[in-house]
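Order of writing sets the chain letters: A, B and C. Residues in each chain are counted from 1.
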Amino acid sequence: MADLQTAQSLERQSMPLTGASLPRQAPLLAAVIAGGIAALIALLGGFGWVAAIFVAWLLLLVGLPLWSRAVEGGRRAVDRIVTLLVWSAFALAMIPLVSLVWTVLSKGVGILSSQFFNNSMRGVLGEGGGIYHAIMGTLIITALATVISVPIGVLTAVYLVEYGKTSRLAQVITFLVDVMTGIPSIVAGLFAYALFALFFGPGVRMGIGGAVALSVLMVPIVVRAAEEMLKLVPDELREASYALGVPKWRTITKVVLPTAIAGIVTGVTLAVARVAGETAPLLIIAGFTTSTNLDPFNDRMTTLPVFIFYSITEPGLHADAMADYAWGAALVLVAIVMFLNVVARVVGGLFAPKTGR
Amino acid sequence: MTVTAPPEVDREESTGRVGDVVFAGISRGSAIVIMLALAGVAVFLLQQGLPALGNHGEAAYGKDNIWAFVWPLLFGTLLASVIAMLIAAPLAIGVALIISHYAPRPVAKVLGWLIDLLAAIPSVVYGLWGIQFLALNMVPVYKWFDAHAGWIPFFEGPVPNSGRTMFTAGLVLAVMALPIITAICREVFAQTPLMHQEAALALGATRWEMIRLAVFPYARSGMMSAVLLGLGRALGETMAVALVLAPTLIVSFNLITAERSSSTIAANIALNFGNASGSKIDTLIFSGLVLFVITFAVNFLGRSIAARGQRG
Amino acid sequence: MAKSIDVSDLNIYYGDFLAVEGVNMTIKARSVTAFIGPSGCGKSTFLRSLNRMHEAIPGARVEGKVMVDGQSLYEPSIDPVAVRRQIGMVFQRPNPFPTMSIYENVLAGKRLNAKRMSKSDADALVERSLRGANLWTEVKDRLNKPGMSLSGGQQQRLCIARAIAVEPQVLLMDEPCSALDPISTAAIEDLIAELKSDYTIVIVTHNMQQAARVSDDTGFFNLKATGEPGHLVEFNPTNKMFTNPDEESTEAYISGRFG
């Protein structure tokens, strides 16, 4: 009886845990072999190195799974194909992104000088100009947009979280904020133009219009960020304050907002970084000029992105020099945006509410 | 720090009451400003754009009617965005998988951070890179396609030496949308419940089988909405395309020529607005209205899929 | 030819943190072995190291030896995927795949390996596994309903059916009843008693009565001190454990004087 059971269980219980498998270095080895074959083919056939890499990749994609299939079986082979494809996708995606960063750095760094930062392009043909006017334009218009958007955005978030909650109006506002996040930036520009044309006649161009257009893009980002942060403030804190007899508005301004301030600052900073790089709306409503204009309520005002755009699309006679300006301006713009992003992350990391996640 | 120092309690109750009313009013007012602003966007665009419905001839850039003007641009917008999504979506899912499941933890953290930074790079910089670097480097590839696959309508030459083609525009949009789609997919993948992944592993699943069994079914709606939101971004993107493509008004599937390639709504507005006047402005604003409607529909679809996924 | 698990000098780490130290034991084939001990003493961690699920957590690693059927689980030549096929696992919270029906859930593991399974083979396997998990009569009329539509106890039995459908040698159960009501718990305990004739079962439980009811052998895990790694205090037949344990701390724990 016992024997029978053992025999039966033996059949079921043979436990191959090892299963033949490829050596750990198999992918590397396969890659080297594929690369070698491809190099040989490329030498014989006279291909460029891009084609050679492509051939090597194809060889690897076919060869490694076939080898794996022969040794390890179909499931492991499929796993290897997918792993290879996923890493290939990653490598392929990194190429343009790395190339972008590298190109901006290498092409932009040459032109940076005190003259580049302190001069405008007024009356400049070819070399000798700078982007002072564009930097100032970016700073002024972005600052104005921030001044408009932050109070509206934060107060709206306060309304949604503290007052509106599930009211009809709050639902409508939440929906509209969703809609606003999807407005194409050029449409925001058209809106600002249509609005200002109503008061100042057609053909109007002024910096404040750009700020209004950017606000349309910025407000929803600020509302979203502030809303998230206010929701993280625990209700116990509010109740503790109410229990002390503090009126609601003071609870919000003295307890809730200070608790959430780090997160809100992070969100606002990211929003500023986002709109500082906007081009399309400013192209339409703020226009383009080569001289420095510090008055946002009067006449055209250039920002860095618009400057880059015109340097490429309408370079005039000195296309090469203008391309250099464009790359320099792009580097400065990327530096500003990256700086804001890093600041946002540091602020968010330092003061992260302990209640979060 | 804020709880320990409770603000002094108001002696007069009325102060609190008045303050409450005022503050509630201000915050509600801000919310209403948003409503008015959006209503303003709609009203102004309609008011300026609708008169263009009757435009033809010179005012419609030489077309018989406004639709003949808008259609090629709409076509180009969709074509460029679809190319971008076909390229970006698989790559973005791959990158997101690397960050969530394949790369070692510390590497993945750095990569996630890097992708977020790349998502913040202004679109005009992508455009600049597209026209001055990518386009030029793609020319040999286009020439190869022209020579070897020219019989397919997509790849009929002649290839411009500038490389400024529809395919280049799609590529730039793909590179731009990639970090955005990746960021959303990564988030969704990371939220897949560990217990389902462990269930799959405990059944003897390989890593890919685990992803197929436990991650993808859970993340399906999130991935869909990520792609749709990326598409919404690509549709409305102006600068990258405006820098690469010339404003033409033709419908063409050709991907690798300059003369016979379509343009997009947003780029066309950006390139023509500076020189436009009178009823031409109305025409351009009308095309912006069309763009707004389309992106709104795509974004709305994306969000509702995401919301449904979260409930289910 | 006993299909036992021999563990010798096993240290389990999360990164640099030593979670469990120096475990030695022999788990007998076709018996139920229970692990008891206070929370955080490493009994679940130890259980997960028996089928290399421990590695699913980034940074986790193991030193020492786990021998199953004469093979050392942590040898480089061993395929963790094959290990988990042979050594199934049931988790604390029922985790049927949410997008799959009851039928598909049972077949999920089997489908990974069998390229094509005829409808009749698949039906037979589903019925056999569900009967094995004492769930067949309750669900046979709604096999195409989602797995999540079942009650908690039924879901857990579905997970057991899913685990035994791949025909493992060993079943590891990580507090399988902790999320269930008493009636469902009784159903699972009956099931464990039946499964024992075919499988080697290892169960982690917080419930000492449960350990006493279902198990043949019991291991008691404890922390040496707060902040120190967990270790195996005593490993003995359940009868002895609950009547006359070797260690004083075991008796203290079992009689409820601490932990």
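Heads up, the rule we're going with is that a contact is a pair of C-beta atoms (placed from the backbone, for glycine too) under 8 Å apart; a residue touches a chain by one contact, two chains touch by 3 or more.
The structure presented is a predicted model; accordingly, all values stated were derived computationally and were not measured.
Participant: If you take the mean of the Cα atoms for each chain, which one ends up farthest from chain A?
Facilitator: So the chain farthest away from chain A turns out to be C.
Participant: When contacts are scored as defined above, which chain pair ends up with more C-beta pairs, A-C or B-C?
Facilitator: B-C
Participant: Centroid from C-alpha atoms only, then distance chain A to chain B, rounded to Å. What do you get?
Facilitator: The mean C-alpha positions of chain A and chain B differ by 12 Å.
Participant: Quick check: how many Å separate the C-alpha centres of chain A and chain C?
Facilitator: 45
Participant: Using mean CA coordinates as chain centres, what's the chain B-chain C distance in Å?
Facilitator: Averaging C-alpha atoms per chain gives centres 48 Å apart.
Participant: Could you list the positions in chain A whose residues touch two or more of the other chains?
Facilitator: Touching at least two other chains: 75-76.
Participant: Where in chain C do residues touch at least two different other chains?
Facilitator: 81-82, 86, 112-113
Participant: Residues of chain B that contact two or more other chains, please.
Facilitator: Where chain B meets two or more other chains at a single residue, that happens at 206, 209.
Participant: Which part of chain C faces chain A closely enough to touch in the complex?
Facilitator: Where chain C meets chain A, its residues are 1, 3, 30, 68-69, 71, 73, 75-79, 81-83, 86, 112-113, 115, 167, 169.
Participant: Would you tell me which residues of chain A are touching chain B in their complex?
Facilitator: 48, 75-76, 78-79, 82-83, 85-90, 92-93, 96-97, 99-100, 103-104, 107, 151-153, 155-156, 158-160, 162-164, 169-170, 172-173, 176-188, 190-191, 194-195, 197-198, 202-203, 216, 219, 223, 237, 240-241, 244-250, 252-255, 258-259, 270, 273-274, 276-280, 283-284, 287-288, 305, 308-309, 312-313, 323, 326-327, 330, 333-334, 337-338, 341, 345
Participant: If we count contacts the way the header does, which residues on chain B are in touch with chain A in the complex?
Facilitator: 1-3, 6-7, 9-10, 15-17, 19-20, 22-24, 26-35, 37-38, 40-41, 44-45, 47-48, 90-95, 97-98, 102, 113, 116-118, 120-129, 131-134, 140, 171, 175, 178-179, 182, 206-209, 211, 232, 235-239, 242-243, 266, 269-271, 273-274, 277-278, 281, 284-285, 288-289, 291-292, 295-296, 298-300, 303
Participant: Where on chain A does chain C make contact in their complex?
Facilitator: The contact residues of chain A facing chain C are 6, 9-10, 12-13, 15-19, 21, 24, 74-76.
Participant: Please output the residues of chain C touching chain B within their complex, sorted ascending.
Facilitator: Touch residues, chain C against chain B: 51, 53, 56, 58-59, 81-82, 84-86, 88-89, 91, 93, 95-100, 108-109, 112-113, 159, 162-163, 166.
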